[in-house]
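Listed after this line are the structures, all set down as structure tokens.
Okay, so chain A shows up in both of these, paired with chain B first and chain C after.
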Partner chain A sequence: MSDQKNLTRLLQLFALAGLALLFLVPVIGSRALVQDLFGVLTLFILAQNWNLLAGFAGMVSVGQQAFVGVGAYAMFACVILLGLDPVIGIAVGGITAMILAIPMAFFSFRLAGAYFAIGTWVAAEITRLCFAQWKALGGGTGTSLPKGTTKTMFGVPEIKSWLGGSSSAASDALTYWLALILALATLIAAWLFLKSRMGLGLQSLRDNEEAACSVGVNPTRLKAWVFMLTAFGTGLCGALLFIQITRVTPEAAFSVVDWTAFVIFITVIGGIGTLPGPIIGVIVFYFLQRLLADYGTVYLIVLGCLGIAVMLFARRGLWGLFTEKTGLELLSLRQLPPEENQAH
Partner chain B sequence: MSILTLKSVSKSFGALKVTDAVSLDVQAGEALGIIGPNGAGKSTLFNLIAGNIKPDEGQVFLEGVDVTQRTPMERVHAGVGRSFQIPQPFNHLSVYENLMVAAQFGGAHLGREAGLFCMCILSETGLEACARDLAGGLSLLQRKRLELARAMATSPKLILLDEIAGGLTDGECIDLVKTIRNIHSQGTSIIWIEHVLHALNSVVDRLMVLNFGKILMVGGVDEVMHAPAVREIYLGIEV
Partner chain C sequence: MILVDTLIQGILLGGLYALFAAGLSLVFGVMRLVNLAHGDLIALAAFVILSIGTALNLSPFVAVILAFPIMFAVGWGLQTCLLNHVLGDDILPPLLVTFGLSVVIQNGLLEIFTADSQKLTAGAIEVQSLALGPITVGVTPLLTFVSSVLVIFALNQIFYRTRLGRAFRATSDDSETVGLMGIRPNNVFAVATGIAMVAATIAALYLGIRANFDPSIGPARLLYAFEAVIIGGLGSLWGTLAGGVIIGVAQALGASINPEWQILSGHIAFVVVLLVRPRGLFPRSKD
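Entry: the complex of A and B
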């Protein structure tokens, strides 16, 4: 028992050290590494949001790219049409995605299971077609951020004079740190949410919907909350992604492969319905990509096979396997009875 | 005032009429026992009252309000707490968390106060020692206790108990009766389906006998237990 506690401590220390190291990457690492890890962090944000949606609230959406795209386009609109700073555009992107989630929920909540998945996909496609009509933002061919936007955006000059190097490197560092903060915020917010009254209700629904309703849990309300919140997180991430990419097209912004399919694989491999799952998934994804970088898309095939293997043999993913074997837990969702809180 | 009124409620599964024009009135604060042979439609009646099943005909009233079209969730908020005959715990939550869901969503308890409230119920139902255990690992008897405890945690005005005394030792049965009497003494109305007649009869004010979906008889405990029609039905099973 105390052995396990020590191991958990060790695991926590490792995680903290890793986190500190991640914060230092733009200072000590190469620019290529910063860009790579930016991709990993944003994938993690998307994966954690999808995990909350599918793994905890049982809504297997294949339409999360809608929120990435809307977030990205909202950010572009802020910069190009309103002349705002891209960093403000991130917040606007998140809020716009959350607003889009309202009509989308009205539509897709009438559907269940596979129909829900297809419904969200269709809704995302419709959203993409609508944005392809927006002439002011380039219509079907898309548009780019005005030259120099990212070199002068909030914080970049300061980072440049601090780190030295080019403005582009400073802009990469900024988006990287924003991604890291957003990733951390997503993880903490998800944990706090799941530990809250609503999170407990969500877990009860996942265990036994009939019993949950029979003790007063309102499934629709809880699911609507999760749908809105994850749309917000996904929209923030979408806006951030396209600040770094600096160019947007409907195809890229609403890509089901880039923003949903990868994300599903990552979550499933790492452990769907567990908070550390997407972290593990994204680490596996990153190393596979590095390892197999010379073989083109082979890493995608390997990733796909790994995903299938995990689905067949370890329903709770690699993290689920790990906790099963070791009994160790991180970010535990258990709530302790009040007496024991007093005792310590 | 009546807490529950059923007006000629009927329900069929295919050709089988499981609830046949049942009318019933339960007064606030009353304890009603329901007996009847296996398959008589007792649990179905609970499903109709709690809203898990909608009747084909008839109406369900809670405190005079027609709730026939209301969902189970809405009926919990209107004051109906239920247990399931086949326990339905939240397997991946601890026993304590099972109650916390009920207290925070069904009852109006929040935060720390909800926690203390749940611990009270757990100690009353003898589950205190396994508060931190996952509900999925409990024995059948413990699961049945959890059903009772979780229903209590919704702070119901009317509690529906479905066969919770089966398989208990004499001592455990006495404790259970004490707990239910305690709920009753706090003014909660009780409807209890039970085959363990001595436990049931030591708590309830009235007995209702259900047979083939119909009410065979309703009345005081002695009156019902001595009725020839009831003895006839029960002769093959118990007594």
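Entry: the complex of A and C
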């Protein structure tokens, strides 16, 4: 037992060291690496949010691209129409996504189980088609951030004078750090939430809805909270993503493949319903993409097959297999009895 | 008069959507399975018809007959090898497996057939029209609608009048007890999915004659099909036809106001119906 504890400690130390290293990447790494890791981090944020929604709250949404798109468009509106700083636009993006989640929940919560998936997908399509009508932001063809916006945004000049190099590299570093902070915040918030009274209620609902209701858990209210909070996280991430991309079109911002399909596979392969799952999933996804980069869409086929295989043979994904084999846990959600009781 | 014309075009378009949805409705009715790959399977069927037609130099109306057994086998195989293993109380595995399947089929088609737009050429029938009083309707849309009524009728007959249909309904009600009566639920499910794929092949035929298609068209068809099924009420085949017609009419009306609103107004009709009647227009059972 103490052996296992030591190993767990070791694993935690590794995780911390890895985190410290991640923070240093813009200082010591190349710009290409910063951009690559930015993509990985944002996918992780999206995946963790979806994991909370589907893995813990049992709401399999195929409409998360709605929140990415709305976050992106809200940020663009702040910058282009109101002349605000893109970093403020990120916060506005998150809040707008959360506001959109209210009518969307009102509609899609009427659909039980699998039909919820279709309901959210349709809602996302409706949002996409509506934003394609917004002529001030380019309508169906989209628009770009005004030239130089990202070079002068909040913090970039300071980072530039500190790191040296070009303004574009500094803006990449800024978006990277923001993504890293957001990823970390998502992970911690998810852990705290799941450890809280509400999180406990959520997991009890997943395990046995009737029993949970009988001890006073209110399923609709809990699920609505999770739906709105994950919409907020997804919207923030969407706005951040499109600061880096600097160009928005309805197709790209509301892409079901980029912002939902990838995210679903990442979570499923890594381990749905576990907190470290999306981390593992995003690492696998990144290497798969690098490995198969020259073969066009083959990596999507491989990803799909992997997802199917995981669902057939190992429902808790790679992380589930790992904990099963080794007994090691990270970010465990297990509730241990209080210390005094153990002493008796 | 323009309004009447729009309505008729919408109803005929609804026939196509009902065809997309018929297989989905059957599969849901028998095994409560939501198949997110249905749209991509329709796209696959369209490419099968196209390949047979080009290889043997046949009209699509003949090629489709050869495509039926192929697609039946695809459905049967999918259900036996894959979907039967994930059916159960937990809705997550079937959803994710069919979602994975959707991505695999879509990109597999893209690898084989490239992203080029294709079309099934049916000859003169494509442009022929009938004058019904002051209204003119195309022969192909009319044929599509008649086919969809026939398909729904046939599925209903199978479901309520045959031995196989009795097995479908019994398995749907209680798949464990049915096992005691000498019926293998897994086989019943496989046959049901096979039949659903035959219906999807008919849908693919008219889809390919009516408009261009490419490997990426699946998801949009899936949404129309689902909307038709949910509007009609889960498990009701005639309801599915009504649902398809509602989506079709809404799209035609939207398009007549502004072409950009065609798809949007179909989706909005779906949302409105669900807000008014959360369980659809003609729900069959209490689930």
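Convention: the second predicted complex is superposed on the first by the 335 of 344 C-alpha atoms of A that agree within 3 Å, B and C clash if a C-alpha of one lies under 4 Å from a C-alpha of the other, contacts with A are read in each partner's own complex, and residues count from 1 in each chain.
Simple rule for what comes next: a residue touches a chain if its C-beta (ideal position, glycine included) is under 8 Å from a C-beta of that chain, and two chains touch if they have at least 3 such contacts.
In this text the structure is predicted, and so the values were computed from the model without any measurement.
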Which of chain B and chain C A:210 touches, first, second, both or neither: first
Chain A residues touched by each partner, larger count belonging to chain B or chain C: C
First, second, both or neither for A:245, with chain B first and chain C second: neither
Partner chain(s) touched by A:110 [first = chain B, second = chain C, both, neither]: second
First, second, both or neither for A:129, with chain B first and chain C second: second
Touched partner set for A:201, first chain B, second chain C, both or neither: first
Chain B versus chain C as contact partner of A:15, first or second or both or neither: neither
Partner chain in contact with A:268 - chain B first, chain C second, else both or neither: second
Touched partner set for A:308, first chain B, second chain C, both or neither: second
Set of chain A residues, in rising order, touched by both chain B and chain C: none
Chain B to chain A touching residues, read off their complex: 50, 52, 71-73, 76-77, 81-82, 84, 88-94, 96-98, 100-102, 104-107, 110, 112, 115-116, 118-119, 122, 131-132, 150-151, 153-154
Chain C residues touching chain A - in the complex, by the definition given at the top: 34, 36, 82, 85-86, 91-97, 99-104, 107-108, 110-111, 219, 223, 226-227, 230, 260, 263-264, 267-268, 270-271, 274-275, 278
Complex interface listing, chain A residues touching chain C: 54, 58, 60, 62, 107, 110-111, 113-115, 117-119, 121-123, 125-126, 129-130, 132-133, 140, 256-257, 261, 264-265, 268, 272, 296-298, 300-301, 303-305, 307-308, 311-312, 315
Residues of chain A that touch chain B when the two form their complex: 197, 200-201, 203-204, 206-208, 210-219, 334-340
